[in-house]
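Dropping a structure here in structure tokens format, bear with me for questions.
Labels run A, B, C and D following the written order; every chain starts at residue 1.
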């Protein structure tokens, strides 16, 4: 089938992810949405890789996964510490600094 | 998938690389020495954390870090002296990393900035000593809940988070690669490599931990968000050009590509991929340099992060990010200049004006400096837009000048303290000039440099970028820049007025006497500020020679 | 000989410098030094005069250039002197009368602890005045012109602790400044027209210039003259100037400085000759002032103010004469000189009277003084006869000539008008001077105790004061005759001012008789009003004209309303404008940015997600813009 | 390579500033003397410069030229023409008086932190300003000039804001607020002007590719550098705006009264007599030389602005209640004359303007410093608080009067010469303008004499009974100034003969001839 459709899917997923980031309060969920965006990128990369018939895209996809994993490590560490000190994972509660 | 398809895949692939001979990657270790040294030191640092007894860690780490950075810098200088900045500029590591003038210049700058920044990391005289000896400005136990017994115990025990040194080394490593990255993958990885440690560092403040954590969360989420966009941009560009190597993409973009297979022809026809991809990639970088409208993390993060980290971020991140931006625009997308230049014009204008205007009403020193850094990002963008060699060199020079002023300024901020730690609210700075003229004078020098008053590095840099912009036909941009400088001048002056002309408050903050470390940082800052202001020629030459990208 | 000219100025200047910088140690001897130097200047003048008489009429003019003052491209201003018959006349008058008045002041200022400074100022005045009349170009003349203004400012305000004196001084200076504007514009006009403002070149190349330009120059010079010589409309300062010590009034505001305007016009005769319109203006100003001063003089009870009015009027005669051109110049100067004698004499007399009357100035509180101060009475009386133009005395000769000339102003209506005015003036002069005479020296005593309540004990003044009066009295009696006989004076001046005989519309004898008749009439009326009836101590309300005249015909009130009030309003409103408008714009801009900043920073609301929104939006815009760029 | 005398004239005060600042906190008097001696040394050097300058010689003399910032085409180029050398001399001459007059102005009222050294700072800053001003008069490189033009704002700013006049109405806080307002206003006005100029400077470089005055001028003359009319006009406006703020020209003048009102009298003198001259000087040197066509294009407007300044400034001076503000507005009026003289573009006008810069420096210094002495005695700046001073302090009153007479440019005193030259120069090309300007001399008389009358004459105010007359130090400050005013009034030749050649150069830059007189007068 035509790989272009995968691109549409990727775009769709990416948008969903982005929207999620914008509308969800819970830091974890927001973070998951970001992960979703990354995966959308992966999909796009792979699709392109297929189209162009070279491997770069796929390689990047692997790297992306690793990066995502790393982000999880760092991100969760931060979010958890935030949660523990505030007993809430809502990103909106973390708004002491403004103006 | 049919066999032919699979085969065609290989064969087409083979056109890029001759069949069957996928050579073992050869790495020019010498040219990559700076990065390798830093990474190596970082790894060693981890081991130190693991095996060296707590008492000795601090000194070991400090020593290790400084030596590593110094060695890396020496390597950079060596490379530059070896002509890699000019004649022998080349692409190293299988096309992943460029070793050329801008890269080396920026790496050198980053390393120097990191050294002085690390000094402020290591400062241990400012906070009152706990039972466990003197402490720096990082959390005793980052994992502990603020105000919990666990934390109290940790503080009592005088724990310190010596991990910051290896962490920052990792960040530095990423920053070194970022401006040198010669393909999109490396770019992305470098971005993450220096971002993730910074996220952590932001969360490690000893005082005002809630703010610190909040800063970290915001920085992390928004950073990840932006890198997602960037990655998507990468994907699209890759889709457009069928490659992630800068050289290749550039060829495709300006149509000078030799071999065009049907797939490429197909995607090449679709400019949307290119434009959207380019835009998203640009956005990722603009986020890092803190350009309007991607700047909003800056004030919060700068305020919440431990001040030494803020200084480090503000300086080094900008250098790295602008380096990457330059390379992207000058190497990859010059063929697209007609499309991105107007856009960047807009960004530059709103960044200059926005930063300056919002800063007028700030009441917190760190936020003030944050907004000023935004305005400066705008000025630098003006130089970037010039699209000519002077543009590159002027930006390089500006970054050099700006980074030291920034680190110096934030270092001064760490000195003004009261019971609650650093007294960053402007009202507390009233009459500082009376209580400790020297500190106030030094800070005034930095402010004047920010304001771009002649005989300071700030002026030289500003003049350089504006000149480049004007020569690049962006006269209007210069006028906007001049106007926003005038607006900006207003709030720098306000701080000076506050420090010198208003009566000191009785319960005002005290000025801690720092160790030689911070003194060095500030001293270097002042020295560089004045030298670049009075006799900048040598460094301008340097930047001028370095102002050529390899492609 | 040329080198002596500088000495004329240098001597009194030296005196001024020494006396003003000398400090207290000169308090004892200062006045003597000042007087000696004035006298020295007079001696030098006399020597030069003798030398001049020794030469033929044509080569009498001496010039000496000291140095180049303002050497600038296309602009030559030298410090150069010119001593010809005209300036010589003035030199003698100034130094002569000046010396006498120095002498007089020694006695008059005896009890003033700042006498040294007074003499310093007097010397300064002499120097400036001599510079004025000796200058060889208009710019240097301008220096003297303002110099005498300064001296007069300092001397009018000599008793600075009296607010009235300070105000009068300021007023005098300001009004004069208005005149000076005229002079400086005139000089600029000369510069642009002739490329120079030295007397010789300018006056000799008048023919080349257009009449319009010359008229403009003439009018500007006239404006200057009005300021300095207290001619309408700039006459208002002279009356107040009487706040100064009486010797000052005698020297500066009667004999010399106030006549500078006449000098200026006569000196610039060539220009006026070529600009009839300007001349007409001069004549009109002279005529108006002549009457104005006379009327004012009739109503004043303050003896000095009355004399001031008379001065104004007499100078009006001179200006009128000067305006008549070659037929009048000589007579203008002649009247100037004789007036110098008798008016100075009169003022000194008045001073002497005040001296004896506890500085009382109101004539209604004098009366019957002739017995108590005979010398003063005699000298004053002779001065009186002279000024009203009693046949045979100085005033008669000079004034009569002017009236003749006035009648000769272009045969026809103008001649009649101005001749008539001059004639009328003579009558009024006789009236008010008689009035002064009677109220002061005749009738019964109307003396009042002064503020401290001690009654006056009139007595004759010391020798140092009476001698000058006597000398001047001689002058006022004989000078005129001496000048007039055989047209001595006219011939003397002719080479400088050129002279042609006037041809009046009616015969000269007729005019002379008319003059005598008129003055007798005036005197008679005055005697009828003040001699026959007792003079009330408190001034009666008086007729409308009298009241107007007492208030200088309301001219000051007009000035006050129009200039002072208007000016105050203007400045006040400007101060407001400067603060609110000019400054406001800037402060407004600053405030505007502040407000904008305040609004913008609200976007920074602390919510990570809204930051994300802005990033998302930014990305969208970025993408859109890029695509748009490609589209267009 | 002869001895770099010009550099020396700037370096010496700079060194002096450092030396003064280095004097220990307790040794205040030592600091004062250090400053005074260095300023006198500078005066000597300036004298040497004056002596070595040959009026007939090259346009720029004693030149120095060293590579500085090649990338920007910037060289460290110094040189003085007749105008420059006179201004240098004036600056070097005035500073010692400023220092001597401000001898006790910066003594700390209360013992602050042991590291807080106001006195040292005060005099160090003054010397710093001197160094920068002198160098800016000598700079023949646009960039170098610009840098100094901007940089001198900083020390001035601290002088105004940090060392206010102690005679003020209201509370200490209020006064401090007023002070910093004045200082900020000063800085922002000039900074904005400077930044706009910066844009023009950059533009100039883009167009001309060099910053060297001589090079650009030569290129323009030889026609190898063609500027588009609009470009030239825009650049001109950029430069002129900055100078007009500094000068200050109506309507950009409002910072001056605040600054001069709040600053101590010596600093006020520093502002108006020295620093502001850089603005007018720069108009003469840069605007006219670099952009002759544009200058002529703008002349009508500028002439009008100058006239407005003259009349407006004078009228506002009349309306002031505060002695120092009055002098400030008087200065606005005088700067109007200077600008007028510069832009009418006649030899008399420009010689007059240059002379005017010098004379205005001297006369304002005299008037303002005496006013300062007066104010320091009574502790009030309000005219209404004085009266009858001449009775208790005749010498003070006398010097004040002479200063005032100089301000109203009485013939015989120096300002008359310059003012008349400007008037004549104006009148010969713009008669109407000349006449309007002439009204200025009446207004000048008005505000000066009103000031004198209200403060010095009349019955003595009770509070003033015990007022002492001028002290020896104060007299030593004023007397030389007055002597100079008199000397240059009767014998301005020494200055004019230095200035004239320079003026001729400028005239040839703008390709202007003086109008010929209507009639060739018979000499």
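We adopt the following convention: contacts are C-beta pairs under 8 Å (C-beta built on N, C-alpha and C of every residue); 3 or more make two chains touch, one makes a residue touch a chain.
Note that this is a predicted model, so its numbers are computed, not measured.
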{"item": "Chain centroid nearest the full-protein CA centroid", "value": "D"}
{"item": "Between B-C and C-D, the pair joined by more C-beta contacts", "value": "C-D"}
{"item": "Chain located farthest away, centre of chain C as origin (C-alpha)", "value": "A"}
{"item": "Rounded Å distance between chain C and chain D, as computed from the means of their C-alpha atoms", "value": "37"}
{"item": "CA centroid of chain B to CA centroid of chain C, Å", "value": "81"}
{"item": "Length of the line joining the C-alpha centres of chain A and chain D, rounded to whole Å", "value": "65"}
{"item": "Rounded Å distance, chain B centre to chain D centre (Cα mean)", "value": "46"}
{"item": "Shared-contact residues (touching 2 or more other chains) in chain A", "value": "18, 21, 30, 91, 94-98"}
{"item": "Contacts with two or more other chains, residues of chain D listed in rising order", "value": "188"}
{"item": "Shared-contact residues (touching 2 or more other chains) in chain C", "value": "590, 601, 604, 606, 608, 612"}
{"item": "All chain pairs that touch each other", "value": "A-B, A-C, B-C, B-D, C-D"}
{"item": "Of all residues in chain C, those that touch chain D in their complex", "value": "20, 67-75, 79, 139, 142-143, 145-147, 150, 153, 157, 160-163, 165-167, 169-170, 173-174, 177-178, 180-181, 184-185, 187-189, 191-196, 200-202, 204-205, 208-210, 213, 567, 570-572, 574-575, 578, 582-583, 586, 590"}
{"item": "Complex contacts: residues of chain A adjacent to chain C", "value": "18, 21-23, 25, 30, 91-92, 94-99"}
{"item": "Interfacial residue positions of chain B with respect to chain C in the complex", "value": "217-218, 221-222, 225-226, 229, 271-272, 275-276, 278-280, 282-283, 286-287, 292-294, 296-297, 299-300, 338-340, 342-343, 346-347, 354, 357-362, 487, 490"}
{"item": "Chain D-facing residues of chain B, complex", "value": "393, 434-438, 448, 453-455, 459-460, 463-464, 466-467, 470-471, 475, 478-479, 482-483, 485-486, 489-490, 493-494, 497, 500-503, 535-537, 540-541, 544"}
{"item": "Residues of chain D touching chain B in the complex", "value": "67-72, 112-113, 115-117, 146-148, 150-151, 153-154, 157-158, 161-162, 173, 176, 179-180, 183-184, 187-188, 191-192, 195-196, 198-199, 202-203, 205-206"}
